[in-house]
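Multiple structures are listed underneath, in structure tokens.
First chain A sits with chain B, and in the next complex the same chain sits with chain C.
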Partner chain A sequence: MWLFALPALLINVCIILIPAVLTFTAAFFMWDGVGTPVWAGLANFHNMFDDPVFWSALTNNFIWTAIFLTVPVCIALLMAAALLMAPEARIVVQSIIFLPRIIAVAVTGRIFQGMIFSPATGVVAWLNEHGFSISDPLADPDRSLYAVAAVDIWHWWGFLAVVFLAAMRQISIDQIEAARLDGAGFFALFRYVLLPGIRPTLTLMLILTVIWSFQVFEFIFIVTRGGPAYGSEVLATLAYRHAFFEGDVGQAAAAACVMSLFGLCATAAYLWLQRGDDARST
Partner chain B sequence: MPLTRRQIVAAIPAAALASQLPRGARAEDGRKVVTFWFGQANSDGQATLRSDLVEAFNASQDKYLLQIEVKGAAVNNLLKVALVAGNGPDIVQTAGPAYLTAIANAGQVLALDDYADKYKWKERFLAPLLNTSVYGGKLYALPRDYESIHLFYNKELFKQNGWKLPTNRAEMEQVADAALAKGIIPFGVGNADWKGVNEWLMTVFLNNVAGPDNVRKALSGELPWTSQPFVEAVELSKAWFNKGYFGKNYFSLTIEQSFLQVVAGKAAMALGGTWSFGTKSYGMSKPDTVMDVTSVPTLGSAFTGSLVHLACGATLSIAKTSQNPDGAAAVFDFMLTRKFYESMNRDWPGKWALPVKDLPPDMLQGIGYPLFEKTIATLHEAFSRGQYGFTTWTFWPGATNSYLIDGIEQVWLNKITTEAYLGRMQTLFSQEAKDGKVPPLPPRTA
Partner chain C sequence: MKEDRWNRTISFALIGVASFSSLLPIVLAVMNALKTTVEISTNPLAPPTQLHWENFTSAWRNAALGPSLLHSAEVAGLTILMVCITATPCAYVLARQKGKGWRVLIFYFMASITVPVQLYLYPLYFIFAKLGLVNSIPAVALIYTAMFSPFAIFLLRTYALAIPVALEEAARVDGARPWQVFLYVILPMMRPGLLTVAIIVGLNAWNEFVVAVTFLQNDSNVTAIVRFYNLTGQYSTDWGEMLAAAIMIVLPVVLVFVLLQRRFIDGMTAGAVKS
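Let's look at the complex of A and B:
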């Protein structure tokens, strides 16, 4: 059995475990990326905890996680349930809502930046010309994180809906029809049949959302680069800035360790929940 | 003849190996290959690189074959990784002395002193620019260009409104207030696509308010960044931002969009770099252009007149592991030929303005771009005489510069105080100075 697992294990050791260990080790060194690393002990972590930008970035990661655990999940669940009830619309609607997922992130980011939010060339400019006084949310440090989150939600929720629909289609049709015969409306069916029926899938997606939320990088980097005034800075953009703009790989590695810590906690929670499920099913 | 599956499978590793030809390889005609990774270049720029550099160099001799790869904005990151892995190009181009410092300190590039003696580079380059690449008494790079922040303005708009070209802060604010009163944006600037625009502005405020002598003292560690001249500089930048001098959409407009506001007469002036000459959509090379350019006037009491800002936008070195350093040096020397200077500055103005000492006036006149020629002549004279300020992207170390760019937005948007901003800058600068990360300063006199 070990022989079967060996190729996958080797790949994982080479491209995940070794870089992970090296990153963890780098967090204890001062290194500019080209010279000789110098032992720094916990100095990188001390510097990080003293930096107010780190704490605002961490807070932004928590806000991002809260947004993505609720808004796209709710929209996707409702859409999946609606599509389950209306099979004739499934193919067309699924194709439309899945479309944003297959557009490259860079393209999506630029579309929203230039064609939606821009006060010179976007929908915001058009609205201002027609009497609505609307400013670019990407230019406001108090709103930029939410504006980028809206872009990512547009890109993400369709995928979630398709996943939830696939899970709902595994629920026994007899169970759904029995609930209907008992007089259950859409929301009762949703609450008492569909949600419990997709609980394992829902749990997995929520756990993955937590992990991905602490790794979020590309949309923020493309649309705002963490600004303005660090308003949309998250741990990943902070780590990138340390590594590639400031030439401080040790500091970047320390930020990356904090990101990984939250991912590990989410993974541990998932394993713990899965163990509970296994115990119940045996 | 159709290939069998086995032949195809066998060909894959061979093709992979062929695509990764080691440096020092020879071309089919026996020439030694010289590899060069370039940063950002649009399609026009890439065509210029091919015709004016690669094809011209390869046609000029028969010993070396120059191969150039355009790597885009990530070239600095790629270079660092490749150099550490001993697998970079022969010619190492960095985005200026601030990037070169780490690479030179790590010994990843060769000292060029022997080549400099052979080709007489020290006699041919302007000393202030060449000295930005001297570490421990050794020369590690050649400056590819010189840059400065200039005041671009719409001369037709100035004429229509009877505005005089400002020569000090009071006159500048007078013009800006008059523009605002007419619904014209005083300065067409925006950083939506490049946050570095913040440092273009801060280069002007720090130098033109606090004065270049105080900036030099601060970069030498003789004066803290928290001292009064710099407080005044940051406070003025904040005041201008809050008065709307940079328009309502500073964070939303791209560099090109904001500059085009000046060309269209919606904005009066722009504080932009000499690289702006290379953007064709601005139309500044046309004889009927509405634009004009001058150096930025004093904005404080530290000096009178106007100031240019010493900047080296890119450096050129030879990798320590290069198999063909002689070929790389030959490419550098080719860049100093009159033919290359003329063709490159004609086709891509501002990108490759080599800071050479022997710049005869007729060489510039051949370019056919009066505004660019005038500006280069001004820069050449100022740098030759040692009268200049210091740009942040050339003389500030990495972490301090990164904070200068991002932190100033917090000041402008009232998230932190000027004192907190400068205090943090001083802390970062002190640490980087201690770690030897501050790029070298040119001597006081040229």
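Let's look at the complex of A and C:
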């Protein structure tokens, strides 16, 4: 019977587990990826903690987490509730809002650069011509992180709304009808029936959001590369830069370990919450 | 009932605004892909006065999109094949076997979904470089297989759990060996699940960026996404041509999505909705 699981397990162990263990080990070595690694003790971590860019990257990861725990979740919850009320629009609208999720991140990033943010060819350019004075947010170290977050929110919220809608549709119709007959308005229905009804799904998505927010890489690397002036740098772009542009794998590994630590904390929190749930249901 | 009408009015207003914001960048991309550079910078929001299809032909030629799209298809095809071959038997035993060892295995696969790619990317790259596997399309497909198979295992496991055990027992009583039971009884019943897995894995492989951009560095073997990324930058100037290339890369995905929407959406949201 073990033979059935062996191929999948073998590939997973060789590609993910062993290199992951090596990364953890490499965090304690000086290594350029090619030569012989030299034992460095905690030097990589010392250097990292002395680097102001590491702290601003970590802060950016926290900001990113805060944005994604709130903005797309609120939009998605409202939208899911709205689609629940309007079944005739459901199928078409569901496909429309899901569409951004299936478009490659590299393509989405470029479309937003050219058609939205560009001061020469984008919506920003059009706004400038029509009396609003807005500079290119991607060129501003203070705003670039938020501009990239906006792109990711566009890509993400529709998927989230579809997930929430699927969860809301499992709430019993009787419960919703009863609330309606009692004269509950949109927000009362939302607050007292829909939100409690999808709590398990909501918790799972929030935990996954925390895990993914500390891993965020693609949109930032593609749109700003962490710039300008490290303004949108996060741990993942920092690690990638260390490994492949500066040839310092030890330093990259240290950053990757910190990233994973936050993911681990979120996973532990989730398992702990699950245990509470199980205890209550038995 | 007055409240009800209010609910629906608010709902439709929300739906309208949201759909518009989802579609705006896509519509802008399609419109501007058919305009000249001068037209785009005059007014990016205006529809094209004349359809400049030559953006598409020049993008195809200048970007050498043909070969890179072929590479994307190769990577996606190989990944789908390897994921289906390895994940299906694994999902089947994980659905049938109980016991501590098997629970650990389930936990292991679940944990590997949340591991960031950054945690294994660097050693993996330098190991592959030593082994001469950088710039190899099958090697990238192998990495994708490891990345995407845990998802496939969990999705297929739910399909396997729904197959009545009595069917297998009947086959076993008739003297079938475990691999025969799997091949002739289980596999045919998992077909709908396999189609969903193929679609989602294919989509992920087609769109994947980090691994592709790291492991494929020669113009002669990059995927369409990497080719597109290398050719364009924040300060690109020929947006018409660039957007035309973007549309050609995204179009196959959108076509499959339109045809098989239900499977797409159900497959991608599976696991998130807990009943």
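Assume the second predicted complex is superposed on the first by the 268 of 282 C-alpha atoms of A that agree within 3 Å, B and C clash if a C-alpha of one lies under 4 Å from a C-alpha of the other, contacts with A are read in each partner's own complex, and residues count from 1 in each chain.
Convention: contacts are C-beta pairs under 8 Å (C-beta built on N, C-alpha and C of every residue); 3 or more make two chains touch, one makes a residue touch a chain.
This is a predicted model, so every value here is computed, not measured.
With the two structures aligned on chain A, chain B clashes with chain C. In the overlay built on the shared chain, the residue A:34 is in contact with chain B and with chain C. Within the superposed three-chain model, A:152 lies out of touch with both chain B and chain C [touch as defined at top]. Once the two complexes are laid over each other on the shared chain, residue contacts for A:106 go to chain C alone; chain B is not touched. By the touch criterion stated above, A:200 is placed in contact with chain C alone, chain B being left untouched. Looking at the superposed arrangement, the partner reaching more residues of chain A, out of chain B and chain C, is C. In the superposition on chain A, contact of A:138 is made with both chain B and chain C.
Shared-chain residue A:248: touches chain B; no touch with chain C. In the superposed model, A:9 makes contact with chain C only, not with chain B.
By the document's definition of touching, both partners, chain B and chain C, reach A:120.
Among the listed stretches 20-28, 74-82 or 128-136 of chain C, only 128-136 clashes with chain B once the two complexes are superposed.
Once both structures are placed on chain A, chain A residues 33-34, 113, 120-121, 138, 244 are touched by chain B and, in the other complex, by chain C. By the touch criterion stated above, chain A contacts chain C in their complex at residues 1-2, 4-5, 7-9, 11-12, 14-20, 22-23, 26, 33-34, 75, 78-79, 81-83, 85-86, 89, 93-108, 110-116, 120-123, 125-126, 138, 154, 158-159, 161-163, 166-167, 170, 180, 183-186, 189, 200-201, 204-205, 208, 211, 214-215, 217-218, 221-224, 235-236, 239-240, 243-244, 249, 252-253, 255-257, 259-260, 263, 267. Those residues of chain C that touch chain A in the complex are listed here as 3-4, 6-8, 10-12, 14-15, 18-19, 21-23, 25-26, 28-29, 32, 40-41, 43-45, 82, 85-87, 89-90, 92-94, 97, 105, 108-109, 111-112, 114-127, 129, 142-143, 145-147, 149-150, 153, 178, 182, 203, 206-207, 209-210, 214, 225-226, 228-229, 232, 234, 236, 239, 242-243, 246, 249-250, 253-254, 257-258, 261, 264-265, 268-269, 272-275. Contacts from chain B toward chain A in the complex involve residues 76-77, 80-81, 83-84, 102-103, 105-106, 108, 192, 195, 248-253, 257, 398-399, 402, 406, 409-410, 412-413, 415, 435, 437. On the chain A side of its complex with chain B, the touching residues are 30, 32-36, 113, 117-121, 135-136, 138-139, 141, 225-230, 241, 244-248.
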